[in-house]
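First chain written, first letter: the chains are A, B, C and D, and each begins at residue 1.
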Amino acid sequence: MLLESQSLIELYTTMLTIRRFEERVAAEFHAGNLFGFIHSYIGQEAIATGVCRHLDPEDRIVSHHRGHGHCIAKGADLNRMMAEIQGKKTGYCKGKGGSMHIADFSIGMLGADGIVGAGLPIATGAALAAQLEGENRITAVFFGDGACQEGEFHEALNLAAIWKLPLLFVCENNHYGVNTTREYSLAADEIVRIPKAYHIPTHAVHGNDVEAVHRAAGEAVAALRGGDGPRFLECETYRWHKHFLSDTLEDLRPREEIESWAQKCPIAAFAAKLVERGVLTQMDLERIDSGVLREVEEAYQYALDSPYPEPEDALEDVYAP
Amino acid sequence: MREITYEGATQEAIQEEFRRDPKTVHLSTDLYAELQNEFGAERIRVTPIAENSFVGAAIGLAGSGFRTVVNIRMATFGFVAMDQMINHAAKIHYMFGGQAKFPILYRMTVGAGISAAAQHSVSPYPMYMNAPGLKIILPSTPYDAKGLFKTALRDMNPVVSFEHVALGGMRGEVPQEEYFVPFGHASVRREGSDVTVVALAKMVHEALEAARELAEEDISVEVIDPRTLVPLDRGTIFESVRKTGRLVVVDEACQTCGAAAEIVALVTSDAAVFGRLKAAPARVCGLDVPIPFSPPMEKFAVPDKVKIVEAVRGVLESRSVPS
Amino acid sequence: MLLESQSLIELYTTMLTIRRFEERVAAEFHAGNLFGFIHSYIGQEAIATGVCRHLDPEDRIVSHHRGHGHCIAKGADLNRMMAEIQGKKTGYCKGKGGSMHIADFSIGMLGADGIVGAGLPIATGAALAAQLEGENRITAVFFGDGACQEGEFHEALNLAAIWKLPLLFVCENNHYGVNTTREYSLAADEIVRIPKAYHIPTHAVHGNDVEAVHRAAGEAVAALRGGDGPRFLECETYRWHKHFLSDTLEDLRPREEIESWAQKCPIAAFAAKLVERGVLTQMDLERIDSGVLREVEEAYQYALDSPYPEPEDALEDVYAP
Amino acid sequence: MREITYEGATQEAIQEEFRRDPKTVHLSTDLYAELQNEFGAERIRVTPIAENSFVGAAIGLAGSGFRTVVNIRMATFGFVAMDQMINHAAKIHYMFGGQAKFPILYRMTVGAGISAAAQHSVSPYPMYMNAPGLKIILPSTPYDAKGLFKTALRDMNPVVSFEHVALGGMRGEVPQEEYFVPFGHASVRREGSDVTVVALAKMVHEALEAARELAEEDISVEVIDPRTLVPLDRGTIFESVRKTGRLVVVDEACQTCGAAAEIVALVTSDAAVFGRLKAAPARVCGLDVPIPFSPPMEKFAVPDKVKIVEAVRGVLESRSVPS
């Protein structure tokens, strides 16, 4: 399936939006203007982008602790994201969630989550809902290689497989859970060995190549909409920042490894391709970039201008009316 | 009025609500044949033995517009699913700023008395009470079981129902007509003027027996069944204690940090009620031990009529020494 | 490896002891003399027997809710077992545990357990202890097909594999968890697909053939003692009784299936073989049986004659001194 | 005396005990480089992200003669391992009739104040208190952290240590010589005669500040730090309340069924102490809400010096109305 220029440009723009958003967040964090636990998605942009491109607003996704990219790719509003990260009342969660718990149920983004592996069972429920609705909706769940070590991973695979749920498992294998390597902590040298044990069809792709992700996800999503049961996509990638933004947390990953992956930037690579293929010119790239930067700036300002919640707001939303 | 069992009453509530609302799903490791016959295998699902995943699935269903009944069966198995229950079900409405609702009914059986030993005889509702975001119901009669289930199945929050193993087969009057028992409304099971006994679940029935026995000695005991622990009807309890001046709280769960501790703390830290107390309140709770298998020990580990009678006598004899 | 007559006779005797013990327990239960939750091991005797034959008292096992057979095969005292099942003070757990929680740490039997799947992580700890002790000890863990649906199964496989623990996984696949079939509830049509995903070597054997179990377990145990890391043994079998002894619990398994498995009795089959091979005569079989029956009778009487615990004993053993 | 951090103090205790006893193992998802350098990768192990399995592995290790320190890190992650913790660690010594011992130290961090939101800011020790079989420690200073760890590492039971995130970097005096802080011995952090304030973990420090502030108004506050919740030193608390006649309990955990409820219930149901109460006791606890992310709300959700001062004034003003 060859993409038209417009689609390619949109893929590029989405990736770049994630990148610029995350860069701004990191800069503000290091300047002391943001707080809490913020897990940067930089380096992994191609995955959320390539997968979510296939999803309609009625399709649902479940994210994890490193969730900003999934939100943006699913179409979330940057203003309300930034406001949430700043702890403002205008944020997606009225300041109750922060970076780790952004959600937008109105666009089928069922939330980021701080517990490794825990999105997986929740996603089986969303996928079961999609199956019962009977309108060919699907659910995608994003999770890291670290999540594959939790029992919930196994249970969700099994549940999806026996019930033939329209659930796309998207494993973002960035080789580490904090500072521990996947090689050390998971005996399945290829993660796809595990879904295969449950007869779930798998695809392993280079997660920094947005076209490859897009292609594999496209096949998987088509199969899912056809009612074929779950699919599993493993995307090899790397995170550029420390596990979370922090001035003190140690990064124990080898320096050369970090640098070698910086050479495999999903965005720079794709930009080069688009220019080479004549889809975009260098000037187009700059125009897109300044548009994205403006959006991010606006979002940051929107958040800045927004009020903090009142202390007593803490008492609301414990129970739904 | 017709009499049906407690278990039958819960099933009837589920049937009525599942008929009304097609976007309802039932999950359990066990086959509920009657429900499945009526509502089909799509909605009445048998799950693998994987509690954390189906407790979590109910959250995803809820976030996608479905209401789910999850029968976890014994409360023991609930500990396997604590991540989804406490880290997620309880918090997810709040941490997402109220943008989505999570209507789920989680069911678990609790209680000792069937020689099921330490793991299978737990009464852990106090732990769940410490996790805001969950509503907690504790029906003690078939009437309440149905009425509270009906309310739970219209509530837009995760509700956890704890059902005592000894009550499942209990028969009682249940109207044919539709009715609801609201949350946060205690039931005064027996009126009295000397001592207030707040009792939970199976202990309601032990307390009523104790009250009957004490009545023969002209001791007038008021027995209150809170019926729901979250929300808890303080008003009815406070009013009763203001009247009687004496409080005994009876609960089968382990005493430390239990619902009885909470009730005593609420009562005693209310200045007005505190001022009316004629004696130190008493707790009659499960011992702080895992439940032992062998009947003599098992019986000793949980409260019963005899211990309640003793405690009521105790609070009547003891006098507050004004300082 | 061909077994000598003496060993064959001992295998036979162990199986028969389990059978007669369980028959007595079931009879007394149905006569109203026993109470609580009792899960009968009848039909699965060859598994515990064939595996434990390879274990020394220093080797450890972890059992599950259907644990009587594992206790007996590991060498537990019938008197103290029966006393525990009766809730007597002379029982293994002083009446605190009952049928579901019999243990004898002095012979490396680390306990039966009522939570499906929960013995698996505990067994990884025992196996790690064995590894650290450095004396070629091993650990075996028994669990059902139902346990393979729990997340703990996956976590334990992974932990054992990455740490190369001397842990023998023994899956007693009796095709059901209560009334739910393995086919319905586990997407891995062959259970061994799952350990294979973690590169754990597997053996699938007919679990009602004690010699086959013994042979496969022997190979596995030798590898374990050699420090090769975990092994996985799947034993296909069937339980004869209901999930637990009960006058009310429904048994939804097909009648013909139950009857066809009754034809595959591990004990009758083995007895026939031994007679055929001239290892035992019909008279020997009867002699062995009457010896076993006497032991069981003595155990039952011992338990009957033992006192119940005092009510206040409930207060002891909450904390170790 | 030399000063070291709270976190450093816990590490020192582990080092000393690991030197003494080679049959000790350390499990955590994180690498503890200093420990691993000294004791080797066989004993200081990095685990996969699979809490239930390594919490359970510690039980198997214990049953095989090893002692394990399990650093679960944030208490949030403890919910993932609740099956092994509650169904097993807490009960296994008891249900096997005491035949084996299970020496394990489980560590978790608790508390709000670092903008970590609902899941990562929990203080669930009350839930664990409801599960007999676990000992529970709550060190509030470097001195106690080391001393309680030393005791925990000689104890033959599963001990759960809850450590407040805000205290890890706190510096304080820790002797060079070996010492132990026994379980079940509260520390009277400040003597006083008007009001007894029982405070837990980080709240000890807030309570001390409140006491200093109130001292300027000639209100004399006694501050008690129980240090261990199971066992709990009732004696010291009772004695203090008998003296002051007034009780305020301060805890960051959610109020309902919390440790504060238990302490209030213990105090008020002791007839002798009850008789000496001059006012209704008060609880100053975390609100019954998940912890919100944004600082204004987060701060509001947990107690602090100001709220303690208010509560102390409250119990001084209110008078028991003798009936």
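In the analysis below, a residue touches a chain if its C-beta (ideal position, glycine included) is under 8 Å from a C-beta of that chain, and two chains touch if they have at least 3 such contacts.
Keep in mind that this is a model prediction, so the values were computed, not measured.
The chains that touch chain A as well as chain B are C, D.
Among the other chains, A has the CA centre that is most remote from the centre of chain C. Computed from the mean C-alpha positions, the centre of chain B lies at a distance of 37 Å from the centre of chain C. With centres taken as mean Cα positions, chain C sits 46 Å from chain A. Centre-to-centre separation of chain B and chain D, using mean CA positions: 29 Å.
Shared interface positions of chain A, i.e. residues touching 2 or more other chains, are given as 93, 95-97, 101, 113-115, 149-152, 155, 158, 162, 184-186, 318.
Counting partners per residue, chain B has 47-48, 50, 52-53, 76, 80, 83, 87, 94-95, 117-119, 132-133, 287-290, 292-293 as the residues that reach two or more other chains.
The touching residues of chain A, when paired with chain D in their complex, are 35-37, 87-88, 93, 95-98, 100-101, 113-117, 146-147, 149-151, 177-180, 184-186, 252, 308-315, 318. Chain A meets chain C in the complex at residues 149-155, 157-158, 161-162, 184-189, 193-194, 196-200. Residue ranges on chain A touching chain B, taken from their complex, read 60, 62, 91-97, 101, 103-106, 110-111, 113-115, 118, 120-130, 132-133, 139, 151-152, 155-156, 158-159, 162-163, 316-321. Listed in rising order, the residues of chain B touching chain D in the complex are 76, 79-80, 82-83, 85-87, 90-91, 94-95, 117-119, 124, 126-127, 129-133, 230, 245, 253-254, 256-262, 264-265, 268-283, 287-290, 292-293, 318, 320-323.
Chain contact summary for the complex, chain D toward chain A: residues 29-31, 46-50, 52-53, 76-77, 80, 114-120, 287-290, 292-301.
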